[in-house]
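Two complexes, one shared chain (subunit A), two partners (subunit B, subunit C).
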Partner chain A sequence: MSLLEINDLHVEFRLDAGTVEPVNGVSLSVEAGQTLAVVGESGSGKTATALSILRLHPTPPCHYTGGEILAGGRDLLKLPEREMRRIRGNEIAMVFQDPMTSLNPLKTVGAQIAESLRLHQGMSRSEARAQAVPALREVGIPNPEQRAGEYPHQFSGGMRQRVMIAIALACRPKILIADEPTTALDVTVQAQIMELLAALQERFGMAIVLITHDLGVVARSADQVLVMYGGRPVELAAVDDLFDAPRMPYTKALLRSMPRSDVPGGAPLDPIPGSPPNLFAPPGGCAFHPRCSLAVPECATEVPPLLERAPGHSAACLLEGSP
Partner chain B sequence: MAEPLLSLRHVRKEFSSKVVAVDDVSFDVHPGETLGLVGESGCGKTTLTRLVLRLVEASAGEIWFDGRELLGLRQKELLAVREDMQVVLQDPYASLNPRMRVGEIVAEPLVTHGRVRRRSAAARERVAELLDAVGLEAGSEDRFPHEFSGGQRQRIGIARALALEPKLVICDEPVSALDVSIQAQIVNLMKRLQAERGLTYLFVSHDLSIMRQIATRVAVMNLGRIVELAGTETLFTAPRHPYTHSLLSAAPVADPKVERTRRRIVLKGDPPSPADPPSGCSFHTRCPAARAECAATRPQLAPQDDSGHTAACLFPVSDVAALT
Partner chain C sequence: MTGFVARRIGHTLLVLFCVATVSFFIVRLAGDPVQQMLPPEATTEQEATLRASLGFDRPLPEQYVSYMTGLLSLDFGQSVFFHRPAFEVIMERLPLTVDLAVAALAFTLAVSIPAGIVAAVKRGSATDTSVMASVLVGQSTPAFWVGILLILVFAVHLQWLPASGTGSPAHLVLPAITLGLYSAAMIARLLRSSLIDVLGEDYIRTARAKGLSGFRAVTSHGLRNASLPVVTVVGLEVGSLLGGAILTEQVFSWPGIGRLTVEAITYRDYPLMQATVLFLAAVFVVVNLIVDLSYALLDPRVRLS
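Up next, the complex of A and B:
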């Protein structure tokens, strides 16, 4: 059973410069113990989707104009703000990209872990403080008794991200949203954090929505993958199917264009021409058609729906025909 | 083999904070090749490029470029040498002046070095030629940087670097800030320009996949030192230093089947602080194969074969299985 289900979500940002639709008809679902990776380039709408789940976009300029976000039998888009606050950090938690700007520099890390426990679990100050130490131990921070009393600047980048994960997991959320959790980290530290997330997921069985631009990270940790382009979902598949038999031309081109460290150099790379679309002036029809080598005239006028083309494998492309 | 275009000998940079950012680094860059410098943040790779450009002054050592020793040059002589040595920077948003038109940006090195007069016909002609060479459409010279995407801005930065027809182009993470679908465009462009113009690149990146696609040889840095240097294919297929093994094993590969089956080294602990480096080998605190000697003796780069492959490790490792 899915812990989180999004159906046809539409989000608009009404800005002085015009209205953009960073999330345009996104549907997804994640089950307990599973990881869904949402992958795309800058401006694809992957982070806007992630922030929408917890309704973290400020309104205005953001408006949730359609769709539903179902978790625990409720539509999160219909909940009053007070209810939402009970869900954030409790049932659904989030880990952000940059652990330095996401932690409060004026509070000890122990106090920051305790904060969510006091708020959501009604623990007393001393109970919550006592819980901070095992929470730090759980994420592999050595010497947690002492570290709980230290401030974020006393931690390295990788250790700060462990603290963020400890805060996120303190209330044992059912769903964890991780927005580029390893992008700001060095590659050897990235490997440690990914290993940690996998181990904690195995232990607590939470569903993870992993937002990333890195197809290597996807290959290493995802069960399901949703590819986004220009605010729209364009392909959804199990991880092996996506890499073995991509169906949407954008996914195919992206996989072909990627420089790989396990393939000898020498031959020129196979780039995707052009640039990702400008959300203020998105191309008509399929957002990828100006860059697509297979595009036919209809691609400029018709928005291809995301349809199931094989069991568990959906793609949004007119060339796939009707299933 | 031809004389190296760039030679570093025992270069050291100690900042006033006592942090040794670059420690006893020696290497050669040959004409027409791409020497890759790879390492994690704080390893000293960017400082090294700034030392070569003399944007920061070395504490010790020699840097030879095209037959001249740079560290002893006076400012005026240095300006002349820098015509042959240009730089492409990481952030195409921060490295272009937002108030200058693209034409002025690309012409600026030519004007500074007295090749053309500002806004002259010769300047316009040369700019048009350069913009065409990097794949920007005619008319781009009259627009401002904010009108361009990240990839196009990096093309502008490359055009500016090529304006003086330099021999050496120092590239500091030139594709790291770009979207994946754009990185391949820029890598291909840089390779084509290198072939057409006989350029030599000193190419800094933390990204091993980019490195494998562009570098002729790769030097791996850790905490201010080069720990391994080899031809690119040798480095990727037969590394000897445990740090190189762990970098390669940590980098995720975009293939779920490979990811499930490969042996992975997950290092223990944090990278040490450059302000307080470990004794002996700088990697021994995290090295899965470290022995007692590693904490006492600092290993020097030593030949691993007769191809020029060198590694600084007391107990070099061929088989990754020994580290997992």
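Up next, the complex of A and C:
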């Protein structure tokens, strides 16, 4: 059974400059012990989807206009804020992109871990502080007794991200949302953080929603992949299927644009022409059609539905025909 | 830390030396105290006698050297008008100015902190707009006018509070409000903008993702981060409050350092003028040192070196 299921989620930002719909009909589900990667370029709606799960968008300007987010038998979009607060950091936790700015510079890391424990597990200040030490040890921070009393600026980027993970996992959430957890880190540290997340997932069996634009990270860490473009889901498949047999032209182009190390002397990069769609004035039909080399006239008028084209492999493209 | 404080004390002494030197020469541009003290019909001889008894007949460099040597033993010279040591006169007035400064600061913080927080959290709302409008009025209204208005309403018409003088806590209310209004407006505005910046930071989102309420995220993660620029300004305000509020003390006949400064200038009382200027400079330098030290307490990233 899915720990988290999103059905046809629609999110709108009503801004002075106009209304945008960063999340337009997203559906996904993720099971215990599994990792779902959500990929797409900047502005594709992947982070907006992630923040919607915990309802962390400021309202206004954000409005959840349709769909449902099911977790633990409840629709999170219908919960009152007070109950939503009991879920945040407790049942569903989140790790953010930039560990340099996501920790409060004026509080010790021990205090920042303890905060969740006091809030959700009713621990006293001293119990929670004591519990912060094993939480730091768990994420591989050496000398945790001393480090718990230090401030974020005394930690390197990778170590700070470990602290963020310790905060997120302090209350043993069932679901972890990791929003580009390695983007701000250098490559060797990226690998260490992804290994840490995998090890902790194996140990605690949580479901992970991994937001990323790094297809290398996807290939190594994910079970399922959801590709997003212009706020819409365009392809959903098991990770091997997606890399072996992508169906949506955008996914194909995305895979082609990856730098290759297997060609001697290096292959020239093959970028996707054009720019991501302007969400204030999205193109009609398939949002990718202006950049698609295979587009036919119907692509400009018809929005292709996300349909299952092969077992466990869905794609939204008119060229795939009707099943 | 110890090295930092030692170096800052060195700077402080240098600043005070410069202030003492500059004020010594500048006050002598205010006019001749001897002519001010004597009736118009006094003879030249009487004038010379008085001048000699006050030591103003000596060459300027000699006066300067004896003034500076006196300072080393806290001798600020004899007040010409009060016929007592200038230091003693200032110390006598200081408690009244401290009372007023503390009351004004309490008013300032009690008004500005809640106003700044509410305006930042409810940014763009009608509450924010009305707070910011009040801030604009508070910052652009001159203190003497506010003082007179408060006297008219609360002392003359309603007769709730005394119009002037000292002696009871009730006497403090109107001058404290008059004095604190400008600072309250300025600090509310500053806290609002600083807090708005902080509330957009990633760690506030982290706090919300942990399950903290919006209110707890502001109070336990936002305020301390937003307080850093505010502390500087509060420090400077404390400096100017302790230095004596010339206009407010004048309007409410409050015999503190502010009025003393005015009296010293009116009577061309050189030693007293020099002493009040030096006192004001010392207050500012010390307050600045305290502000710098408080940064280190508030922000672990600040290294005092």
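Methods note: the second predicted complex is superposed on the first by the 317 of 323 C-alpha atoms of A that agree within 3 Å, B and C clash if a C-alpha of one lies under 4 Å from a C-alpha of the other, contacts with A are read in each partner's own complex, and residues count from 1 in each chain.
Please note the rule applied: contacts are C-beta pairs under 8 Å (C-beta built on N, C-alpha and C of every residue); 3 or more make two chains touch, one makes a residue touch a chain.
Quick caveat, the model's predicted, so the values are computed rather than measured.
Considered on the superposed subunit A, subunit B and subunit C are sterically compatible, since they fit side by side. In the superposition on chain A, A:Gln190 makes contact with subunit B only, not with subunit C. Between subunit B and subunit C, more residues of subunit A are touched by B. In the superposition on chain A, A:Pro273 makes contact with subunit B only, not with subunit C.
Once chain A of one complex is fitted onto chain A of the other, the partner contacts of A:Glu41 are limited to subunit B, with no touch recorded for subunit C. When the two complexes are overlaid on their common chain A, residue A:Ala219 makes contact with subunit B while staying clear of subunit C. Applying the stated contact rule after C-alpha superposition, one finds that A:Gly265 touches subunit B and leaves subunit C untouched. Of the two partner chains placed by superposition, A:Cys286 touches none, neither subunit B nor subunit C. In the superposed model, A:Leu254 lies in contact with subunit B only, and not with subunit C. Our angle of interest has its tip at the CA centre of subunit A and reaches the CA centres of subunit B and subunit C; in the overlay it is 80°, to the nearest 10. By the touch criterion stated above, A:Phe243 is placed in contact with subunit B alone, subunit C being left untouched.
By the touch criterion stated above, A:Gly158 is placed in contact with subunit B alone, subunit C being left untouched. Once you line the two complexes up on chain A, you'll see the smallest CA to CA distance from subunit B to subunit C is 14 Å.
On subunit A, the positions that touch subunit C within their shared complex are 54, 56, 85-90, 93-94, 96, 98, 101-107, 115-116, 119-120, 151, 153, 164, 167. Residues 41-42, 142, 156, 158-159, 186-192, 194-195, 213-220, 222, 239-240, 243, 253-255, 257-265, 268-273, 275-276 of subunit A are the ones that touch subunit B when the two sit in their complex. Contact residues on subunit B toward subunit A in their complex (touch as defined above): 40-41, 149-152, 179-185, 187-188, 191, 206-215, 232-233, 236, 246-259, 264, 266-267, 269-271, 286.
The residues of subunit C lying in touch with subunit A in their complex are 201-203, 205-213, 220-221, 224-225, 298-301.
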